[in-house]
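We call the chains A, B, C, D, E and F, going by the order they appear; numbering starts again at 1 in every chain.
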Amino acid sequence: MLEANLDDQTGEGLGYVMQRLLDAGAYDVFFTPIQMKKNRPATQLTVLADPAAQEVMTTLILSETSTIGIRYQTWQRTVMKRHFKAAQTPYGPVQIKVATYGKISKMTPEYADCAQLAQRLHIPFKTVYQAAMSAATQLDEED
Amino acid sequence: MLEANLDDQTGEGLGYVMQRLLDAGAYDVFFTPIQMKKNRPATQLTVLADPAAQEVMTTLILSETSTIGIRYQTWQRTVMKRHFKAAQTPYGPVQIKVATYGKISKMTPEYADCAQLAQRLHIPFKTVYQAAMSAATQLDEED
Amino acid sequence: MLEANLDDQTGEGLGYVMQRLLDAGAYDVFFTPIQMKKNRPATQLTVLADPAAQEVMTTLILSETSTIGIRYQTWQRTVMKRHFKAAQTPYGPVQIKVATYGKISKMTPEYADCAQLAQRLHIPFKTVYQAAMSAATQLDEED
Amino acid sequence: MLEANLDDQTGEGLGYVMQRLLDAGAYDVFFTPIQMKKNRPATQLTVLADPAAQEVMTTLILSETSTIGIRYQTWQRTVMKRHFKAAQTPYGPVQIKVATYGKISKMTPEYADCAQLAQRLHIPFKTVYQAAMSAATQLDEED
Amino acid sequence: MLEANLDDQTGEGLGYVMQRLLDAGAYDVFFTPIQMKKNRPATQLTVLADPAAQEVMTTLILSETSTIGIRYQTWQRTVMKRHFKAAQTPYGPVQIKVATYGKISKMTPEYADCAQLAQRLHIPFKTVYQAAMSAATQLDEED
Amino acid sequence: MLEANLDDQTGEGLGYVMQRLLDAGAYDVFFTPIQMKKNRPATQLTVLADPAAQEVMTTLILSETSTIGIRYQTWQRTVMKRHFKAAQTPYGPVQIKVATYGKISKMTPEYADCAQLAQRLHIPFKTVYQAAMSAATQLDEED
């Protein structure tokens, strides 16, 4: 995990750097609103990335942002195993991400599939999402 | 109340404009963290000011920030009546703000007095604040 | 809508006043993190209430918090019509809130029902919630 | 201005609705983190739109989100006049937005132009942005 | 310390999981508003718990939330020693938490006691809290 | 890095402690808005300091705030090398911080210099800042 506090960067520039970091292979990038000295509203940038990518991410952050320092910390991670299955909804097929950890199993319809169907058919996103959830729970889980 | 959304302003510049607006007579100035399009963390600037000061505040915000638009809205206000009284603490005198509204009366030790005594005597701020509260509640309220 | 900015109130006290305002009949009460002058992290309290309740809410806020001023503004509201229907899930019955506005109709399982079943049966909240959603969409909507 | 508080909507769904509202012609859409009753972290959705678009925006929000109520308020706006001019940088041309209000004039390089040049030439965004600012201030302002 | 980022969970579901984690023995649970990719407002869940409880907390979070990954980090802690003493206020008895660390000693009235007296006697919470603080500072500290 | 969660401290008291920590030599101090149990809006205090200063910072936080516990974690840091150079602007001289890391080099006008010139000459902060950036990029970088 890499973190940097940014108080002399615009929001525009931050939206840009988020995309660059994701393109460069970061697992995840997010912003947290913080409050720094001298009444400055600021943004904490957090990057979750493979330790092997630390140098690439560091160079990118120092190049693209106004920060002159970055802090690092290694965290352990528990990540559920994932595979995909296809659900048929009245609106079209939606991939379902099935995540498992011991006895825990949970399903999440893929955002991109739901969004695409919703826009094409002019129906609410959550109608498609909900239909995908219902279809998924009725599928026989036998893989 | 004036509001503007700022996504291409640095935190440094925002700290500066807060001070300028207060110096120009705003009742209050505050920042709210917001999230704008294109993944931009941004800041909402809110200025509470006398309607007569609207033009001055507008000019100041448009001059000092990157925003090109400001929105306005008039709010009604209920403000408690205030007067001050002096409380004697073991650490020195502290002005107490007494605010009243109908049957409600409440007292608040002045921040600046407490902070000054705390720093001079090398004791915690809340020790002075608490002593001022205790002294204030024992004062005969007869004015 | 009533708003007040609170920079000399503790989080503990704010949790207390939220409950008091809801008990006194506020439609909704929420907090927004803000940043005030002199490097003070603060909280904006917002109360949505019937205009007829304004005096009660004002008195409660001035009594229970450290603020000496409250601002008011009337907003218009569009609120969907609501009625309830019962859905049978494998885990027990769950009330479904059906909200309608013109051609729009949407259903939301009642939080309290789902939470209670989940805790009694030692299953995840979202398992119950999802089952209620599936049952609700299969119900014939004929009322 | 339209506002709605959302405590039973996912972040995924909110990202979707922001895009839909912008596509439907909203001037601006933003999110503010809020804290609702029963320990619920929630999101306030704000939409700035032409009063004539209120019905369209209302229908979209009620269709796409879980809220059953929306509040409205009309705000006045001061908006600077804008025109564009082209600046030549060592990296290519960048449109500059020139905004004026009385004696106040300010220039902002277009985000999209800067981002595109930065990505094509593999240089930092702020290098292009800064070059555009320098070029713009040297242009004779005679239009 | 366990952390997870949640962008496909509702606020309702998050309020539920906070209570479940506290019931399961977490020292503390809190939410931080964050901003994730694709314009998603999201919530970071942080759980402070005994390392021995890590597996229980992990299972609970993976069962009850939509996240598929959790990150862990061990932090050192300095915690003040605590004991309780009773203070007599004009409104009834209030337990005072006395916390000590080297020469530092501080007292905090118990929230639950103050809240209960305030509600029973129909007086402001801070009136009871302040009375408890005054009573506590006058108690002879001799234990 | 030291962190503490504060739910029974006022914003006033937090502004005070930020200044005290900076005076005592902290590298950086910042606040993050968080949401704790029992509907309490709260503030996370983060202090970046030299490990040798840990005891001093701990004593200061425990003395000045209501927290009874502090958590610690050591982070690695990458910090760019810095030196200063003077830029001449039409408004007066401004120190430029030059930060370098490998091939990356970036310049930032000193906030205090820009703010002072802007206030003395009654011109916008960003006019001075921008002039300093333009002057700096034209300086021959040969030191």
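Some notes on this structure:
Keep this in mind: a residue touches a chain if its C-beta (ideal position, glycine included) is under 8 Å from a C-beta of that chain, and two chains touch if they have at least 3 such contacts.
As the structure is a computational prediction, the values presented were derived from the model and not from experiment.
Counting only chains that touch, the fewest steps needed to get from chain B to chain E is 1. Considering every other chain in turn, the ones in contact with both chain A and chain B prove to be C, D, E, F. With respect to chain F, maximal separation of chain centres occurs for C (centres as means of Cα atoms).
Interface matching across A-D, A-B or D-F places the copy of B-E, with more than half of contact pairs shared by residue number, at D-F. Residue numbering shows that chain A and chain E use the same positions for less than half of their mutual interface. Taking the CA centroid of chain A as reference, the farthest chain centroid is that of B. Here the spacing of chain A and chain C, counted between their Cα centres, is 28 Å. Averaged C-alpha coordinates put the centre of chain C at 22 Å from the centre of chain E. Touching two or more other chains at once are residues 8, 12, 18, 31-33, 35-39, 41-42, 63, 66, 73, 106, 111, 126 of chain E.
Taken together, the touching pairs cover every possible pairing of the chains.
Those residues of chain B whose C-beta lies close enough to touch chain A in the complex are 6-12, 14-15, 18-19, 31, 33, 36, 38-43, 66. On the chain A side of its complex with chain C, the touching residues are 33, 35, 37-39, 41, 106, 126, 130-131, 133-134, 137. Those residues of chain E whose C-beta lies close enough to touch chain C in the complex are 12-13, 16-17, 33, 63-64, 66, 111, 115, 118, 124-126, 129.
On chain E, the positions that touch chain A within their shared complex are 3, 5, 8, 32-38, 42, 44, 58-59, 62-63, 66, 68-73.
Those residues of chain A that touch chain E in the shared complex are 1, 18, 22, 28-33, 46, 48, 73, 75-80, 82, 97, 99, 101-102, 104, 106, 108, 111.
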